[in-house]
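Down below are the structures I want you to see.
Two complexes come next, and they have one chain in common, chain A, joined by chain B in the first and chain C in the second.
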Partner chain A sequence: MLLLQNLSNALILACTYILMAAGLTMVYGVLKVLHIAHASVYTVGAFVGVLAFTRLGNFWVALAIAMFVSGIFGVLIYRSTYFYLLNSPRTVPLIASVGMFVMFTDLLQKPFLMGAYQRAFPAGGAGLPAVKTALFSFTAKQVLILLVTVILLAIVYVILTRTKLGLSWQAASMDRDMASAVGVNLNQSIAANFFLGSALAGAAGVLVGVYNNSVFATMGDLPSYKAFIIIVLGGMGSLPGAILASLILAIVENFLVASIGYVLPRDSIAFLVLILMLMFRPNGLLGRE
Partner chain B sequence: MASGYFLTILTFTAMYISLALSLNILTGYAGQVSLGHAAFLGIGAYTSAVLTLRYEVPFWLAFLAAIVLTGLIGTILGLPSLRVRHDFLVLATMGINFVVVSVFKYVDFFGGAMGLVNIPAPSLFGITFRGGVPYLLLTTAYALFTLWICWYLSKTWSGLAFQTIRNDEEAAASLGVNPARYKIYAFGISAALAGGVGSLYAHFLGSVFPDNFVFVESIGMLSMVIFGGIGTLRGPIVGAILLRLIPELLRFIQDYRFTFYGALLVLMMLFQPMGLLGNDSWLWQHLTRWFRSSARSAKEDVR
Partner chain C sequence: MLTIENLYVRYGQIEVLHGVSLDVGESEIVAVLGANGAGKSTLIKTIIGWARPAKGECRLNGEVINALPAWERVKRGLAIVPESGRLFRELSVEDNLRLGAYLREEQETKKQMEVVFNLFPILAERRKQIAKTLSGGEQQMLAIGRAMMSNPRLLLIDEVSMGLMPILVKRVFQVIQELPQHQVSVLLVEQNAFEALKIVHRAYVLENGHIVLEGKAQELADNPLVKAAYLGG
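What follows is the complex of A and B.
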């Protein structure tokens, strides 16, 4: 009973990780860049979401606007920076990414944007019903997270497997020059990749903001760091791996906290997992090789 | 008062020169970008603070202990480099920073979010180094010591080894240079030197707080190395001086310090990835050309 309830809580936590990690792993797959500024996209998504929600009062419209703006923000990040650094050594775009992350976090904390305080995001469960059975129960907010994640993942799955766009990402992740030689429009393809990945991060920001009823400027730091651990754990660039790893990390975190309490801060578990993975399975659980 | 303020800025600049130089051993020499150098500063600062406050160890012993302990932790944290390519390891350095700060913050032994206060000032032969000129001399001496270590590392065989690793790990391995071993050396030395600065930092301020050692502070140090010129001796020094002094001189930047550091990193990557005074940078090429031509014309003048 308690076990099942813990599992269902872990599932909800995993959903937020999945949306964040999916975008990162897509970008890594195509560009081979560790896109640290993804955290800023997540925060911007939550911020736009809360602004749109307080103005318009409709959660679903707010979610759509937030995803669209985050997507555009992601494309702007790509076009202004990574685009020019595609052929540099890998550390060059990485450092640029760190720079953008630090810059956006600092700017977002300024009073003319988000300020240094927390905002409420009182969207509740967006009118969805709570689910309660004998074995486990989901609150309305949890149902919302589960529903949105499943819908978005289904859309991503269809794009990846059934469209030319998905095929072009696959080609670009194998060999960018070759893909371009056989007629893939790399610019459009990568920009679309950034748009989708960033929109997912924006959705994750909105959902976490609603779930905790709080949005603040540094909310992206830890989730983005965990997303990196997840894509290392799942094998860089592998979407099924990222989903599996999100579930594993969420379950481990939930059960360790439930069983041994605060021996270690909960968030350092993820870090220890990362170090162990890097030592013993550097290609991840489902990575190639 | 004004001179006291000026001395404080100079003391901090000296400490940041040591930090930038020590980070450069890891990032510039061994080619391993680190996003967690502030963690080593913090480990050194807390080691020294805990030893002097809780166990009444004299400063000089605590200072040495901070160097040794931080060096050891750095070496252990460098171990994943035995297995992992460097862009993955970057993530680990970022994680080190998060975990170290959260340990300082949530473990009561380290004072939690309230930090540790009333850290005693160091004394030697009855002279107490409480701020002012003596402390500036102390931090400057340490900066010179760091510079000497860096110079030594770059001039001896290890300097060549580092250079080959940075350029091509596989080629280095084929020539009998073990890249992982040198990276672990670099982690250890770089952390130890930063730990020493941490001790000086704690006893200068008299208090330490977890927030002094957060991730963005690491990025500040990385900006100094990259802005000045990565992998050189002159680069980190010039970078540390400029990036400490510009926000002091231009007050409006002070409020946007991290925006400034971040934007600087992006701009440097886009236009001058080798840094302002790096070996292939625009400014350095022009400076050396100018020096050479003026030296030549001076020679002709003599004739």
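What follows is the complex of A and C.
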């Protein structure tokens, strides 16, 4: 019983990891850039979400607005920075990305934006019911996270596998020049990729904000490196790999925290898992070649 | 169709093409022959838009295309069979072909896929197979098929015979030879001058970034210099 409850808690944690890592994986696939500033998009998503929610009072509308603004924010990051660095060595956009992340975090802490305090995000379960069975239970908030994640992943799956746009992303992730030479408008295709990936990060920010009933300017710090552990574990650029890695990491964290949590804090466990995994599978769980 | 005038291309400090001029007419097959490192691939890359000229002009049907990205050139009727194919290796044969027709409607894509399957029946058999699992010859056919999917007006072909068995070279060249019947022009870059001169209408000889000879295929095949340098005496 405790086991199952632990597993269901891990599942919820995994959902937020997945939403965050899915966008990163998509961006890495097409641009081969480690997009650290993705965590800023997550924070902005949470911030916009909480602002929209306090003004409009409807969680779903707030979520949609937050995802849209996050998507636009992601596209702006791409067009203002990575776009000009496409043909530079990979360290250049990486450094630019770290720079942007630090800058946005500082900027968001300014009093005219988020300030240095936490805001409550009292959306609760957005009217969804809690689920209680003999073996495990989900609170309304957990049901909300599960539901939103499953819906968003289904949308991503359909776009990736059933649309020309998704096909163009796959092509660009294998050979960008060649994709261009079969007629893929790379500017549009990559911008759309950033939009979707960033919208997912925004959704993750909103969900975590609601779950912890707290939104603050530095909330992206932890996800900024957690998401990296996940995409490295999953095999760079592999979406199924990222999902699998999210689940494994969440499960390991939950169980180890329960047993040895007093020795090692939760977040160092994540790195231990990464190091151990890389010793045995240097290309990640589902990495190519 | 395609006119290239006084083209200079540099990679960093190194100039690869020093004032190349050539043209390809409607429904014409033209070859650019030359040894390794003569600048043939650079020429093709500049025409598709993967390299930018430092000087000179590429014109497609009278329009200067120097600054256009590759996808804009595809829209205007160019397609490429690049060196070693550059297939989308993790995707199926069908998805590779579908990408070749990226700018076309679903209906036309299906029709064109049948055309390509008629040309290379083996691809129809392997339609669900992942591209990287195909044999070398099949991959080369898929690369040509993918380029045909956009129904191009001018097909750029880079070293298609390289690494192919002689019997496949013949088959591939036979397909190329029939392209003008479908109103497709071809610019072919080849080391295999012997086979190329059998199927092209005209050819240019590129040496160290300069065009040193040009003429009808037969004239070049009879030229003693060409014989000595490219046809093995």
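Keep this in mind: the second predicted complex is superposed on the first by the 285 of 289 C-alpha atoms of A that agree within 3 Å, B and C clash if a C-alpha of one lies under 4 Å from a C-alpha of the other, contacts with A are read in each partner's own complex, and residues count from 1 in each chain.
As a working rule, a residue touches a chain if its C-beta (ideal position, glycine included) is under 8 Å from a C-beta of that chain, and two chains touch if they have at least 3 such contacts.
Computed from a prediction, not measured in an experiment: that's the story for all the values here.
Trainee: Touching A:34, do we find chain B (first), chain C (second), both, or neither?
Mentor: first
Trainee: Let me test your reading of the model: by the given contact rule, A:88 touches which partner, first (chain B), second (chain C), both or neither?
Mentor: Touch partner of A:88: chain B, not chain C.
Trainee: With the two structures laid over each other on chain A, which partner does A:102 touch: chain B (first), chain C (second), both, or neither?
Mentor: First partner only.
Trainee: Under the stated touch criterion, name the partner, chain B or chain C, that contacts more residues in chain A.
Mentor: When the residues of chain A touched by each partner are counted, B comes out ahead.
Trainee: Scan A:164 for contacts with chain B and chain C and give back first, second, both or neither.
Mentor: Touch status of A:164: second partner only.
Trainee: Which partner does A:271 contact after superposing on A: first (chain B), second (chain C), both, neither?
Mentor: first
Trainee: Of the partners chain B and chain C, which touch A:195 in the superposed model: first, second, both, neither?
Mentor: neither
Trainee: A:229 contacts which: chain B (first), chain C (second), both, neither?
Mentor: Touch status of A:229: first partner only.
Trainee: Can A:178 be said to touch chain B (first), chain C (second), both, or neither?
Mentor: second
Trainee: In the superposed view, which residues of chain A touch chain B and also chain C?
Mentor: In chain A, no position sits in both the chain B and chain C interfaces.
Trainee: Name, in rising order, each residue of chain A that touches chain B in their complex.
Mentor: Of all residues in chain A, those touching chain B are 34, 36, 81, 84-85, 88, 90-96, 98-107, 110, 221-222, 225, 228-229, 232, 236, 262, 265, 267-268, 270-271, 274-275, 278-280, 282.
Trainee: Quick one: which bits of chain C touch chain A in the complex? Just the residue numbers, please.
Mentor: 48-50, 69-71, 74-75, 79-80, 82, 86, 88-91, 95, 98-100, 102-103, 146, 149-150
Trainee: Note which residues of chain B are touching chain A in the complex, please.
Mentor: Checking each residue of chain B against chain A gives 31, 33, 35, 79-80, 82-92, 94-96, 98-99, 102-103, 105-106, 215-216, 219, 222-223, 226, 256-259, 261-266, 269-270, 273.
Trainee: Which residues of chain A touch chain C in their complex?
Mentor: For this pair, the touching residues of chain A are 164, 167-168, 170-171, 174-175, 177-186, 288.
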